[in-house]
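Both complexes below contain chain A, partnered by chain B and then by chain C.
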Partner chain A sequence: MGFVMISRRGGSMPIRRKLSTTMVTTFGLTITLGIAFILAIFLMLVLSKEPAQTIFHFFVGPFANKFYFGNMLNAAIPLVFTGLGISVAFKSSVFNLGGEGQVYSGALVTTAVCLAIPNLNGLLGGTMALAAGLGIGALLAGLSGFFRMKWGTDELISSFLISGAIVLIINYLITGPLDDPTNSLLTTPKIGEQYRLFQFFKPSKLDISAFFAIIAAVLMFFLMYYTHWGYEMRMCGLNREFSRYGGINVSFYMVLPMILSGALHGLAGGFAVMGTHHAALKEFTFGMGWNGIAVALIARNNPLGVLPAAILFAYLDAGAKAAMLHSDVTFEIAAVIQSIIFYLVTAQAIYSLFRYRKREAA
Partner chain B sequence: MAYLNMDRISKFYPESNVLANDNVYFELNRNEIHAIVGENGAGKSTLMKILFGMERPDSGRILLQNDEVKIKNPLDANALGIGMVHQHFRLIPDFTIAQNVVLGIEPTHNGLLLDRDEAIRRVEAVMDEYGFNLDPTQKVASLTVGQMQMVEIVKILYRKAELLILDEPTSVLTEQQIHKLFETMRNLCRLGKTIIIITHKLGEVKEISQRVTVMRKGKVVAIRNTEDVDEKELSRLMVGKSVIFQFDRSSRNKGAAVLELQDVLLQKKTTERPLLDRINLKVHSGEIVGIAGVGGNGLSEIEDIVSGLTPVSDGRILHNGKEITHLSARHLRERGLAYVPADRLHRGSSIETSVLENMIVSDHHSFLKGGVFSQHDIREFASTLLANYSIDGQSGVPIGTLSGGNIQKVILARELAARSDFIIFSEPTWGLDVASSEFIYSKILEIREQGTAVLLISSNLDEILGLADTLIVMYRGRIVCSHPNTEELSKEIIGEYMLGLRDDFKEGRQHAD
Partner chain C sequence: MNDNTFAIPLVHNAVGIMTPFLLAATGGLFTELTGMLNIALEGLMLIGAFFSVVFAAATGSLLMGILLGILATMAVALMFGVISLYLKANIFISGLATNLLASGLTVVLAFQLFGNKGVIRFENIQKLPVLSIPALQKIPVLGDLLIGHNILVYVSWAVLFIAAVVIYRTPFGLRLRGTGMGKDTIASLGLNPTGYQLKAIIISGFTCGLAGAGLTLNLSAFVPNITSGRGWIALVAIYLGNKNPLGILIACFVFGFAESFSNYAQGAMNMPAEIILAFPYIITVAAMIGYSIWRHYRAQA
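On to the complex of A and B.
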């Protein structure tokens, strides 16, 4: 006990250490991105017979025409939602690794609701369908938060496991009971015309959910920095002991960020259906959850930073696709280049994540 | 000839914008006990961390016996015979003394398995050589703070240190333990070791050191033979002005009981004896109740249960006659609990958060206008507190970039703003410089005048004796002394209570048992 009593008191060392780790993280991210780009260029130089063209299409391709540009922005929309979902959780030092399952279930439930009410008006039915998608995501993630509060179950593990199971269940539903027999793809039937969001940047698929994404980012920013919920979440995220001391209901803030995080993931899936795909295809949301982590990391968990971070991510993706179409780069090579960038950035996300947890345990 | 020279050492911390060492010159003779004194942030610790390889200087050089040495890390320092005992002990409580001492350079069987017997034998040999009286097979968790410190010293002697740096070694010790430590230091000096002691306490400088270096604001302002200076002059050199350390505590009639603990028991399954064993105490309006004790005897537990952060196992806690035993910290806050915790860097503040956001934690709901924070009100509140408490820092910067004294002032300002009729202070001036401490004392006395009930938990006896109206001493989770603070209570007597040599309530308890 004597030991505890003494070591509880701080010196000046930990302050400096913590501040410097913050600096290292920002610095590290820049370096990671730099290395990723250099590696990508290097690979294209080695693997492509016409490297100049490949590199050109990789970097400039996404801006080549309205179609590519709009689709790139469209691909960023779900990443904004999942990135926001991850950042609200990370900011509160709770960890939602179940994004994949939450997006996918949000998409499925939104589709199912749309299919169940084929004759309702677009605004009302659409709102109901989105709310249901949002709700299922919030429920799945909130469950992990609840377990953490009630029994101390690690929400990182439980959200990951729940998500893993949910993905399989949804795969079964899409390929089984909800499968569209008239379509050779593994997909549900298409949702009614009235539920499809207006695509305003033809010929691309960019739809008006882009504006909802921007609104969501602004709302989350407002929530985090201007309301007492946001303040309490951030305080709990930085220092639970301090928060408890200050009279904040710490256990509530293990659940609320998870619910918000899940809700945003559910919305990502819902908008992907109503805006772009108009049906739930087997594993069509794959990657949106994981990429949300990378997006949140690039944005340093700042809700407004999530917007450019999601676009950066979508840009890399679109670049790889453009290079594939317009040069001799094959699908495999494009995937390899993309994966390298993805792995480098996520490796850092995972690293920071574990450092957070270690600090919390200490 | 000087044993060690540190020549024109400079160290700048860009993140906090502090020039911690400014062209510092320091010299040390062989076989002396050399004290380094200075206020918080004077740069003493930085200088010693540079010497021990924990920080790199921006410029300057270090000469050991006239050879320039590069000390890049503590291992280099160890190799050069330099050892350091940190303010915060680095011991593993579940290991024995011997295991702690040999950690990192363990004797092994065939280079693989720890040779326990050899470890004990070697540690015993070091202890015999230097006259330590400890059992190497004892677990560190069962030791007193004084003994832990001895283990730290044995640890560096085991690594063949010739130069020992002790960073504020007395701050957690009782009078008797300090005596013992000083005896040990003198003995080591007789055996040829050289010792640097960092301290705040000027009396100790006079008692133990041969020479003294005074630092102020990153600079060395004087190097003197200790016998040539008196405490007043040292104090003047340290702070740049004379400080008279005395309290003006008028007698007051205490009012009604504000806080009352009745038979409070705190038990953990993992420990044999209760952490708090049937505690009864009352704090009245306008009264300062001081609780003294050595760490590990229940002080931090009192802090935790009264602040609602740890639930009690049995007994009752009353606030103005109403039971608050099972209220959480949140509900206590709503009732106006104010609390300045001992752990100010982890509990009392969130160091990566701005000063402003730290200031509103206990009362942030009051800044909401229509569900949204009024930035204007918050900024106004922050700047009022900054001005009223003369806090040196801006409200937008992370609080961790402020000095220790200023962090404590932010916490104090926040808690005093939120208080109603009762406040807990735990170690309010621990590690702070004279000026900050005096400021805090004046605030404590000021709110006492206003009729606030104050519970003051402190291991600093000067502080307790100077401030408290009623004095309580804890030993092994029990109250062993509860007495109005009168002339007849001396530091020595309290020290005896703190070490369990006296117990006013022993007989009563035996009856009860």
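On to the complex of A and C.
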């Protein structure tokens, strides 16, 4: 089960057709986003008493200065990891809905390890802490995969429920036993200086985990499209029965994508601690798991597409924050716009409309 | 005697707590039988919770509040259904979108209408009427358990009963179940399976609206994300209840009891609230795994 090279992606597909499919997808996505932005403008016209200012800050705010821009990119980092985590699961037709709990537990465990070894060398201790965060995420998601493999328990619901319980238990740990007694905030103590990742885009909080996010996307792309494991995962995603007859160990590929998915979610939490927050705050990873699903969808489960999709999502959040600070709308407007994008991206009929037209014209 | 004073309020509360689960699960049963995984129950319930209390405050009438709240929920369900069925969206993803929309929209509207993103209290709404029949209440144990709940508790039982009749005793129900078993079969009879699926989604909108109304009107207040996972638990109850009304009733009671017991444990055993709140999730997932193990080995035997 090594990393054996297999034939290139879509080997038999004529290049021209492949190109046109890509074009239709890109075109459809552009239209989708266009509609979403028009609806967003409409929403702000209705909700705001000073719509011009609100719309201006919503769209331009994230680019207003280095601070906003860097923070927007920084907010995209965990979304890249969770988006990758979801795309590997969805591409293999297994569902991981426990992202929230996996990110949060990754963050907590990374913090706990950093706090437990306060005097170790930064590189060694930091790697250990991240590995622990990755491990707990992989374990939580892997459990759901294992139950599915062993007894056929629906992994979609079990991963969601396990995550729901974990979030509450971590809330208890952060506000109770692990609370920092020196201040009144609901947070653990800060991790040691040597574990904090370098923030290279001051005054924003953008740190070097951005590069790890890019590396992760490239590695996942390579894994999915150029390795034996990736090939078999994708085959199971396309048709599990067919893969079984083809001699693929189907049950293994119910657990593996879950483990990878959980590991990436755990990393999202770990980097959020070591790069940005330097401690585990109560519910500070809220939304990262859910938004990862949206990011993966916009990216059509392509690991490289996850990068721009994550930035788009972070942009919407940053825009809503800017509009909230400088105008009279509330931040949750971002959730409404994101849900519209969600609907439009998954509405297949919009895409097939273009495809149909094209075929008729040809 | 001591046992009774402990057990009876526990079960009495469980019967009250299970109502939103039961209503949402009843609606979810319709969508489940037509072969759709309806994870939008959570969001639909939240929409119902928000609009019923807002309309009740605006019209000054509980009944109008409930009716308009249900209508609003059915409208959102209709949109969700049309996008999923006619625009061919993945129903799982459009369901997630509906949940996201509900949690965003309710807060945006609350902020717009009341300038507040936290708990919104409505002082001018009367409480949901409580059924009290002194004669029946005298029946030992059963009277204590089943009488003295608010009116929606009894409505939920009626809804479940009607649902059972519709599903098993009417042509509509038969075709509904047929849609889940094979869309092509229904289509070959000259019927429109997608139409049945849409109707099932709208029915789930109706029951989720009612379930949401029960949550907020009971408190006379709206709390952001007041549903807090109840729609998901309702979904699990459908599976645990083996997709039939009686099974759902039992599963919902188990969840109601779990929550009622956690409320009790919080007071009596001095356990941290977060750990207690995690109980329903842990019990649910344990029940799910146990059930699938049982099914797995029964299938092998």
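The rule is simple: the second predicted complex is superposed on the first by the 292 of 362 C-alpha atoms of A that agree within 3 Å, B and C clash if a C-alpha of one lies under 4 Å from a C-alpha of the other, contacts with A are read in each partner's own complex, and residues count from 1 in each chain.
Rule of thumb we're sticking to: a contact is a pair of C-beta atoms (placed from the backbone, for glycine too) under 8 Å apart; a residue touches a chain by one contact, two chains touch by 3 or more.
Computed from a predicted structure; not experimentally measured.
Of the two partner chains, neither chain B nor chain C is touched by A:Leu139.
Touch criterion met: A:Ile157 reaches chain C, while chain B stays clear of it. Contact with chain C, but none with chain B, is seen for A:Ala165 once the two complexes are overlaid on the shared chain.
Of the two partner chains, chain B is the only one that A:Gly247 touches; chain C does not reach it. In the superposed pair of complexes, A:Ile333 makes contact with chain C only, with no contact to chain B. In the superposition on chain A, A:Ile41 contacts neither chain B nor chain C. Once the two complexes are laid over each other on the shared chain, residue contacts for A:Leu297 go to chain C alone; chain B is not touched. By the touch criterion defined above, A:Leu33 lies against neither chain B nor chain C after alignment on the C-alpha atoms of chain A. Taken together, the two complexes place no residue of chain A in contact with both chain B and chain C. Those residues of chain A that touch chain C in the shared complex are 47, 95, 147, 150-154, 156-158, 160-162, 164-165, 168-169, 171-172, 175-176, 290, 293, 297, 329-330, 332-336, 338-340, 342-343, 345-350, 352.
Against chain B, the residues of chain A that register as touching in their complex are 1-12, 14-16, 18-20, 22-23, 226-228, 231-232, 234-235, 238-239, 241-249. Those residues of chain C that touch chain A in the shared complex are 37, 83, 86-90, 92-94, 96-98, 100-101, 103-105, 107-108, 111-112, 117, 229, 232, 235-236, 239, 272, 274-275, 277-278, 281-282, 284-285, 288-289, 292-293, 295-296. Residues 13, 15-16, 45, 87-89, 91, 93, 140-141, 143-145, 148, 172, 271, 275, 294-296, 299-300, 307, 309, 329-330, 332-334, 337, 339, 341-353, 357, 360-362, 364-365, 368, 371-373, 375, 398, 400-401, 404, 427, 430-431 of chain B touch chain A in their complex.
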